[in-house]
Each structure stands twice: as structure tokens, then as C-alpha cells.
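Right after this note come the structures.
In what follows, chain A forms one complex with chain B and a second complex with chain C.
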Partner chain A sequence: MLRREILRPDGSISGDSGPVLSIQETLDALERMLLSKRIDERAFSLQRQGRMGTYSAVRGQEASVVGSSLALDPSVDWIVPQYRELPALLRHGLSIEGFLSYWKGNSEAARIPDGVKVLPPQIGLAAQLPHAVGLAWGLQLQGDPGAVMTFIGDGGSSEGDFHESLNLAGVMKAPVVFLLQNNGWAISTPRSKQSAADTFASRGEGYGVPSILVDGNDLFAVSAAAREAVGRAKSGEGPTLIESQTYRLGAHNTADDPSKYVDSGEKLQWEELDPIPRVISYLRARDAITDAEIDDIEARNEAEVARAVDVLDTIGPASAETLFDHVSSTMSIRLRRQRDQILKGASR
Partner chain B sequence: MSSFEYRLPDVGEGLDAAEIITWHVSVGDAIVPDQVLADVETDKSVVEVPSPVEGTVAELTGAPGDLIDVGAVFAIITVSDEATHEPAPASPPSPDEGDPYATMAAPEAETAATAQDGVGEGPSAAGAGESDALVTPRRVLASPATRRVALGLGVDLASVRGSGPGGRVTKDDVHRHIDDAGSSSAGSEPAVADDPPSAATRPAPPESRDTTVTPLRGLRRQIAKNMVASWTSVPHITDFREVDATALVAARRTVNAHLADSGRDEKITFLPFLVRAVSIALATSPKFNASLDMEGEEISYFGPRNIGLAVSTDAGLFVPVLKNSQAMSLVGISQASEALADRARNRTISSEEMSDGTFTITNYGSYGGWLGTPIIRPPESAIAGFGKIEDRVVAVNSAPAVKPILPLAVSADHRLIDGADMGVFLRTLTNLLEDPVRMMAEDF
Partner chain C sequence: MTTMTMIEAIRSTIRQEILRDEKVMVLGQDIGKLGGVFRATEGLQAEFGEDRIVDMPLAEASIVGSAVGLSLSGLNPIAEIQFLGFAQQAYHQIVPQLARFRFRSQGRYSTGVTIRAPFGGGVRAPELHSDAIESQFTSVPGLQVVLPSTPADAKGLLTTAIRSEDPVLFCEPLKGYRLVKGDVPDDDYSIPFGELRIAREGTDVTLFAWSAAVQLAEKAAESLASEGISAQVVDLRTLVPLDVDGIREVVSATGRAVVIHEAPLTSGYGAEVVSTIQEEAFYSLEAPVARVAAPDVPYPNIGIEEVFIPNVDRVVSAVREVVSAE
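Coming up: the complex of A and B.
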């Protein structure tokens, strides 16, 4: 399968592709990518200071996440996330502090605001995919104009849920886009040990699901692929599987130490392919951005993150009773007894 | 100006301590939020610990190599009052006045703030000279069941040293606290806290001894880690034998007489015979001179027989390795093993001299032991322990007789070695030791 590429690492455009995004759209996308990067840095630091729990950074995958989300209309389309798609969720209407509250363990503060078409993060591998297919199928049955984009990784694609979801989505022609971010690593399991298949995209064929292979560090190629897939979903043609080939430039999460298993040579190669500098090079070549304007973006992002962290610091731990909420429709006697004991203050 | 006490956060997940690797700042340095203060090593990895505040470093509470508990003061930072916009401390657990269990903890522990308190407080918050209990006031961690037990026994949980994760107090801790306090009369009769038993009814404590706590460091820490790694990863089987050592005692006497006759001022112990016998038995039972690798799913059978000799020193156990033991004479083994043991005792032994062992001998007879259950040293697959040779009454031709008996125990990795293998190895070993002349028949 041919990999789709548009924006070269040096910022030039390959072949005769027309522009996928306007200059203004590209500038907006760059701002989102840089914001994502800044949140990653800050969130890691907060975790190291004990001010937040575990956090999974997006670093390296900004083009993949931002680029795919640009195809979505937040007023009708849904995102069913995994846990490493922060900038897409922000575009859809989530707040930084809301998302980080989840990682601080406060599910009340992390509640998705009404009207924001995003499901909660999913840590269990691939468990979000059946939800995504069900949601998409439901939209179809209700005659809703929306489509669903769900995210999965190379590791998650080895789970049974992945295969069942692709199969059902294909059969029902559910309006869903499976955005598979192949970032090279499933925690410490390398791509080479994940699957013998040449590409993850090739798995779609077995389920009758059209597939696209794309350079995941190429903002334009990812955007174009996502646009095509969302268009197919909305025109009743069913699901698409997109393999976005990118690379996790940091740790799996704050509890991980990649220096123990990542080959530094391989990482260096991927750093050359960093998705952010190539967007800047593209804009520079068209005199569409200056250093001062980049500084302005960074300053705006810095202020926004500082504001969010100030709010985050006021959010305390979740109350103990929330452990029991929204899990069982009717609580068992034992569970109720445990909750009552906790509410009496016997233990926190 | 005020002081911010930076307490070491849990930089991993559920860790209780971290070792300082490097400080990136010095006392007097001006620092900004998110600036890295130090690299610390946890059980998982080396991570950078950044500062939550802007200010000046007033004190660093440890040197590289020191272990710092999570929650202990890690650095003290002087912050200007207008700069104390962050971080807001997590809200402390609110004291519940109606909770009968909550009153078990000291009131000040209930109401004091948690870990990152201290922003904007007066300089006294530094509390450098205060006792640990005062510097880290926090609600006592304990399960409801433990609180109930403590309530029944009239024990103030705040005064109990918790042995659980994060200092959590367990029921055992409560009982131990009572035992340590000498108030063994507490029993099942609930004591009333503000009506202690009179001196007349309380048995006098046998001897007043203070409980001391020392950090787990250096060799002891390494030994502890190794033992846990072996005990939790290797399924041990241990088999025991008692060997008639009559001929062995005679053989040693003969060798020492030979040394004396040839004008050499040295004697050998039983150890060289044990090494030689083990060396021959390993050649006939290769699984005992092998290593099982679960991850790589392979078994390595070692060519050389490098025998580790457990040596007790003041600092703890050392295991120098007698390389290529199969190539040495009895006297050669004796000289080499004594030289290694000396170097271990005066800590001049190199790590090379303690590596590449393929089998280990431990001699608990040297401190009077009879039989024991030796713990294997991974990646080795087996270990032999020898007791003290002593006269015992044994049955000889249906009649009791007194003979010198050498007790021995061999522990083996049951993933690799079955009971039948153990039988073969022990038969070879005991045959050689009961009749040392047999050793002459074999290639070593």
C-alpha cells in the first residue's frame, strides 16, 4: 500500500498536491500543535512535583492528532478517544484543566461538559472501539448527520476488540473513522514485535473496510486522509481505517523510562521528522510567519497553560463517594455498605 | 519572605523513596518554577524533580546517594511573598468531628495540611530542628478494622509506627506497639486510655531498650534485594543428607600429614574436599552447573565449574568465586579459597573475583549449624550447604555406633531440576565424600 505524503520534512510540498489547508488554517493548526507540546512539558513537570498523576504525552504525534481532528465538525461529529489525543479534544470543546483533572484522579472535575461530543478517556486497550462503533451505528439509525472518529494505537490493534469493531463497522456501514496512530511503541513493545503484517492499514481489507496509509508526521497528508474518511462516513459509505505512521518522541507516560529500551539512533532519526518544524518551514517559505509571530503564539499558549494550571491547583482530590458513582446502575449490598462506611469517615 | 518546604513527591507510581543522584542547584541559587532541582533514582527509573515555586534555594536536605522518603523534606526554598501564587496545596482531608475512629489520631494530625503545605507561612515552617513527627503532621493511615482494634485497646494510633505502605498502621503494628510498651496486660480486656494501669498492677518491663531504625544501605541493601529476587523468582527444592565422614576425616589427616612430612607449614580444612567432590558431581549432573533463563527461554550449561564460596564478613555475606575449580589440586583449592576469603574480609576483593559463579557452597558448619535451607544465587541453578562434622549415633549392622557425620543440604531450581535429578546428584556427591579415594578415579 502506498503511503500518502504531502508535506516533506524540509517544509516543501511533494508532487502536484494542491494545498490541503489554507494559510490561516495552517497557522491555527500550528498553534494547536505548539499548545499540545507546551501542555506536555508542563504536565510532566507537574507530575514530578506531585501535583498531578500519571500523564501520557502527545509529543511527536501532534500532526497526527491535530491533522485528523481538523476533518471533524465539533457541532455534529464525535470523538471517542483513547488517552493521547489532547489537542483534538481541546478543539472539540474540552478545557485543558478539565482534561488534566482526569489525570489528577478527579473524575467530577474531568466530566465532559454538556454539548461537547467527546467520550471520556479510555485506558483499557481498544475498549473504546466497540463504543465508537455502537455510537456511529446509533447515529446512523437515528438519521443523525454526525460521524465518529476513534483513536487506537499499534498495540491496541492486537486486541480482540479492534477486530470485532472493524468487522461490525464494516457489516453495518457505520459512519466511523478508525484513526490508528502507529507511534512505533506499545509502551516498550516495538512495532517489529507487534505484528508480522507489513502495515496495520492492510488489516482493513479483511473486513471490507477501506484503508489509508499516511505519513503521520505530515499535517497535510493526515488532514486530507481524515477529510476523505469523514466524507465517506457521512455519505453513507461506511467506515475507514487510517494508519497514521508517526513516532512517540517521549515516554509512554510519566511512569515510563524509555531510555531503558529505545534505541537512541532510531529516536534521532525520528527527531529529524518532527512534525512541528516542518509546518513552520512551510509557513516560513511562504512568508506566512515570522519569528516574532511564533513567539506570540508561544506566549499565548504559555498564558493559557498557566491559567489552566492555576485552576487545576484549586481542584482537590475527588470525594471518596465518587468512587461508587456511575459504575453500577444499582449498587450491591456489599458495595453500598462500603460506601456508607466511607461516607461515615472511617477511611479515606 | 517565607519558606517553602518542598517535600519529595511520589515521582513514580506508589513509590516510597528515591535516591538522590545529582543536585542541579546549590544553596543560594535563584530558581524559577519547573526548573529541575535534582535527578533522583526510583525503583523504576532516574527522573528529574522540578521546582514548583520561584525563589532561592535555602537548604538541600541530602547528598547524592542518600535515600529520601516520599513526603520527607527534600529542599527548602525561600520565596518572596508576592511570588507565592503557586502551587495551591491539595485540600487536606477534612476532620470529621462525628467520627469515633477519627478521634483516634492526634487532633493536630487531623487538621494539619498535607504534603505541600508551607507556602506563605512564616520562616518557622522550615522546622529544621523539629522532630519528624512534628514536621510531617498527617492523618494516620489505618484501616477501619485497625482503628477499631486500636480503639478497643486504648492505643493512640498517632503513637504507633506503621509498617505498611506509606506508613500505614496495621493491626500487627498496634499489637507490637503494646508489646513494645511492655503493657502486656492489655490483653483482650479493653483498657481505658485515660486510666492507665497502676505501677503495682503492671509487670515491670524486663529491660528498657530503645527501638532504633537504621537506613537500609550498601551491601545489606544489595543482599536484601538479591535474596528477594531469588526467593520470589526461583522455586526452590531442598534435599538433605547425612554422610558418614569417617574416611573423609582420615583423608584430611593423611593430606595434612603429607604436608607436614614434606616440610610445608600449612594445613587444609575439609573445604577443598567439598569443592573437589562438588566439582566432580557437577560434571556428571550438568543441570546443577547451569542456568535457566525464563525470558530468553533457554538453558545454559556451563563448561567451567566456578564455585562460589560464601564468606561471612562484618559487613555481611560475600561470595568470592573459585574459578575453574576443576583444574586445581586440593592444596591449590585450599590456598586459593583462603586468599579469596581474606580479600573478602578486608574488602579488597574485586567484583571480577566475585562474578561468573556457576554453583555455590555455603558452610554453615563454621558457625555450628547442622542442616539448613540454602538460597540459590541466580542465575545459578543450585547451591550446597554443609554443616559441622560431629559425632552422632548411627545404626551400623543393626547396632548403634558413634561416627563423625557430615550433614549437607542442596537447594535446586525446581524449574530445571526434578527430584530424580537431585537424587542422582546427591548420590554422586555423598559417595565421593564417604569414600574420598573415589575422587582419584574421576577427571576433575
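Coming up: the complex of A and C.
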């Protein structure tokens, strides 16, 4: 399968591809990518200082996440995330502090605001995919104009739910886009140990699901692929699988130690393919951005992250009552007694 | 009232709910033209179309997992798992996904999916088809576990399940699908969860059961009556939520109890019932509480399933012991 590439690592455009995004859209995307990078840095230091729990950085995958999300209309479309898609969720209406408070340990503060069409993170890999298919299928049955984009990784694609979901999405022609971020690693397990298939995109064919293979560090190629897939979903043509070939430049999460397994030569090669500098090179070549403007973006992002961290620092643990509040729509007699015992120390 | 079999009561309830609420739909294997392997949806696809009564690919996890998504989209899905034993192939979608969505999202989302699944032995079915694995689902916060034993209860409890915002595992006694008949209210009829039913009055001992074991307890009670023992039969109907207060009341009256279930003894739901009895009614007890269950072995091949399933003789001898204890 041919890999689609538009924006070369040096910032030039390959072949006769037209511009996928306008200059303004590109600048906006760059700001989101730089914000993601800044949040990653800050979240790691917060975790190291004991101010936050485990965090999984997006670093290296900014074009893949931001580029794909640009195809979505947050007022009608849904995101069913895995856990490494922060900039897409921010664009869809989540706040930085809302997202981080989940990883700080407060699900109440992290509650997805009403109206924001995002499902909460869940940790059993690939288990979110059938939800995405059902959601998309249900929207279609009700004549809702929305499509669903769901994320998965190279590792998660080995789970049975990935295969069952592609199969069902194909059968139901559900308006869903599977965005498979092949970032080279499932914690320490390399991509080569996940599958003997040449590409993950090739798996779509067996399920009757059209697939696209794309350079995941290429903002334009990812955006174009996602637009095509979302367009297909919304015109009733069904699901698409996109393999976005990218690379996790950081650790799996704050608890991981990639020095034990990552080949430094391979990492250096991928650092040359960093998705952010090539967007800057592209804009510079068109005199669309100056160093001072980049500094301005960084300063805005820094201020936004500082604001969010200030709020995050005021967020303590959820109230003890929330332990009992949302298990079911009504509280059973038994749970009410357990709650009273634990909260009030009252005897039954 | 109309006299119906269990399967007729279930079918008419599904139809009634589809007619009541345009959001209700059914998904499962072979439920369309065939009407399900037990005919629970017979005729419904012809009446309501392929978008409401949906034949699904043979993959239990995607039946439950997509029902979660359909529910999130605003629909009200009933997912049929052909046999409860196969729900284990959807376990990772039922337990950590369906049952936790409300809690995980702190109330932003609810997933009021009803999973219907027949179970229980004595019908000479192949491996896994008969397994009584209800207790694998009763320790799952957020999931309601409902097991009717009569057609009227099937209607009342299924109506409640479908209308509930919460996920419900609705286990149907497959041996009773056609054998068990009874009067079913014609009008809208729902039964709240967490209320046991006294299936037979009695004063000497209380027999606790659910699903097909209720009829077994009733047969045993009949036999015990001929030897002068008055056994009360209590159908718990919903294991989650459990009628804790109701259990206290009935045991306080008789002072003796036997719990009967088709699942193997160890960690069967009987253990929970016995614990509840001793917590709630210890000082009313005049004898240790007994359990009659299957042995701790896998469900066997059909040639010896009669040895595995609790029978009238085993219940009667357990009751005799409990009643004669000083």
C-alpha cells in the first residue's frame, strides 16, 4: 500500500499536492501542536514533583493527533479516545485542567462537560472501539449528522475488540473513522512483535473497510486522509481505517524507562522526522511566520498552561460522597448502608 | 390476564416496549428471520424491520460493546446473548465497560443496556450452554442481575429492565421457556428490582431460590408437605439489588433456611445469601443454614447432567436435616 506524504521533513511539498490547509489553518494547527508539546513537558515535571499521577505524553505524535482532529466538527462529531490524544480533545472542548485532573486522580473534576462530544478515557485497550462503532451506528439510525473518530495504537490493534469492531463497522456501514496511530511501541514491545502484516492499514481490506496509509508526522497528509475518511462517513459510505505512521519520541508514560529498550540510533532518525519543525519550515519558506511570531505563540501557550496548572493546583481529591453517587441511577439499600457506615462511621 | 409460557411473556414484553418507545431495539445472533434460537423475537423483524431487530455478526463482545455505543447515542438496546455461557466472551465488555460507564463518567453518561441470556441445565444441551454463571456478574458494581422464574415476573422485571437507565443482566431459565406457564397481566406491568416474592407459604423453613431452582424448591416443598414439614419458598428474583430487608423478615418468621442454586457450591450466590441471613437474622436462627448446589465441577456432558443438577431428593434431605436440628 502506498504511503501518502505531502509535507516533506524539510518543509517542502512533495509532487503536485495542493495545500491541504490554508496558511491560517496551518498556523492554528502549529499553535495546537506546540501547546501539546508544552503540556507534555509541564505534566512530566508535575508528576515528578508529586503534583500529578501517571501521564502519557503525545510528544512526536502531534501532527497525527492534531491533523486528524481538524477533520472533525466539534458541534456534531464525536471523539472516542484511547489516552494519547490530548490536543484533539482540547479542540473538541475539553480544558487542559479538566483532562489533567483525571490523571491527578479526580474523576469528578474531569467529568466531560455537558455538550462536549467526547467519551471519558478508559484503560482496557481497544475496548473503546465497539463503543465507537455502536455510537456511530446509532447516530446514523437516528439521522444525526455526526461521525465518530476513535483512536487506537499499534499495540491495541492486537486486541480482539479491534478486529470485532472493524468487522461490525464494515457490516453496519457505520460512520466511524479508526485512527490507528502506529507509534512504533506498545510500552517496550516494538511494532515488529505486534503483527507480521506489512502495514496495519492492510487489515482493513479483510473486513471490507477502506484503508489509508499515511505519514503520521506529516500534518497535511494526516489532515487530508482524515477529511477524506470523515467525508466518506458522513456521505453514508461507511468506515475507514487510517494507519498513521508516527513515533513516540518520549516514554510510554511517566513510569516508563525507554533507555532499557529503545535503540538510540532509531530514535535519532525519528527525531529528524519530528512533525513540528517541518510545519515551521513550511511556514517560514512562505514568509508566513517569523521567529518573533513563534515566540508569541510559545508565550501564549505558556500562559495558558500556567493558567491551567494554577487551577489544577486548587483541585484536590473528589469529595468522598462521589464514591457512591454514580454507580447506578438509584442507590440500593445495601450501598446506602455502606455509604452511611463509611462516611459517618454510623452503626447500621 | 392471559396464560402464557415464559418465552411468550418475554416476546410480548419486548414487543410492547418496542411499540411504547421508538428508541428500543434488539440486537443478537439469529434473532431476525429465525426469531432467535428460542423464538424470543419471532415475528418481530417482519413487524419492525431490520434496523430495530438486528442480526449481528457472531461476536458477543461486539454485541455488548456496540450496545454500549448505541445506548450512548440515545437508543435503548436489548442485547440477546444466545446462552449465558457465551457471555464470558463478552465479559470484558460487560464488566469493565458496560457496568462502569456511569461511574467512570461521573454521571455524564449512562448505559441502560438490557442483556438477555438464557441459562440452566436439564435440556441436554452441548457444553457451555447450560452453565449457571450468575455469580460471576453479581460482584460487579453498577450491574443489576435479574433472574425471573415465572412468566408474570418475566414481564414485570423485563419491563423494568428495559426502562431502567442502568445496565441489567436478565437471565432467563431456558428449561422453563415452554414448560413454565402462568397468568400474565395484559396491561403495562413492571416490578421494582430488589423485592423478593413468596412463591409458597410455609412456617417451618424458608427455601431460597431463583430462576429454575424456584420450581425445584416448589416440588420439594410439595413432597415435604406430605411428611408434615411446611416449607416456605422464596424467589429472590433479583440478586442485585438484593432484598436484604425481605430476607430478614422471612427468616425471622421461620428461623430456618436452605438456599438452592444450580451453580457449583463454592462462591455461588448462595454464599452471599447465607452471609446476609446471618448478618440480618442470626438471633432468629434455630439451625445452621444449608446450601444445596451443584458440586464444584464444570458442567458435565449430558449423559450425567442429572447427577450434577440439584434435585428434589437433595433438597428434601437438606431440609429434613435443617428442620430436625436442635
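Here is the rule we go by: the second predicted complex is superposed on the first by the 323 of 348 C-alpha atoms of A that agree within 3 Å, B and C clash if a C-alpha of one lies under 4 Å from a C-alpha of the other, contacts with A are read in each partner's own complex, and residues count from 1 in each chain.
Going forward, a residue touches a chain if its C-beta (ideal position, glycine included) is under 8 Å from a C-beta of that chain, and two chains touch if they have at least 3 such contacts.
Model, not experiment: these values are computed from the prediction.
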Touching partner for A:Val305 - first (chain B), second (chain C), both, neither: neither
Contacts of A:Ala132 with chain B and chain C, given as first, second, both or neither: second
Partner chain(s) touched by A:Pro317 [first = chain B, second = chain C, both, neither]: first
Which superposed partner A:Val20 touches (first chain B, second chain C, both, neither): neither
Touching partner for A:Lys344 - first (chain B), second (chain C), both, neither: first
Partner chain in contact with A:Lys260 - chain B first, chain C second, else both or neither: first
Larger contact residue set on chain A - chain B or chain C: C
List of chain B residues in touch with chain A within their complex: 7, 9-13, 34, 44-52, 85-88, 90-91, 93, 96, 98-99, 101-102, 115-116, 139, 142-144, 147
Chain B contact footprint on chain A (complex, rising order): 41-42, 45, 47-51, 54, 255-257, 259-260, 309-310, 313-314, 316-317, 341, 344-348
Chain A to chain C touching residues, read off their complex: 107-108, 110-112, 114, 119-120, 122, 124, 127, 129-139, 141-142, 144, 160-161, 164-165, 167-168, 171, 322, 325-330, 332-334
Chain C - residues contacting chain A, complex: 25, 51, 56-57, 59, 61-62, 64-75, 92-93, 96-97, 102-110, 141-142, 144, 164-166, 194, 240-242, 244-245
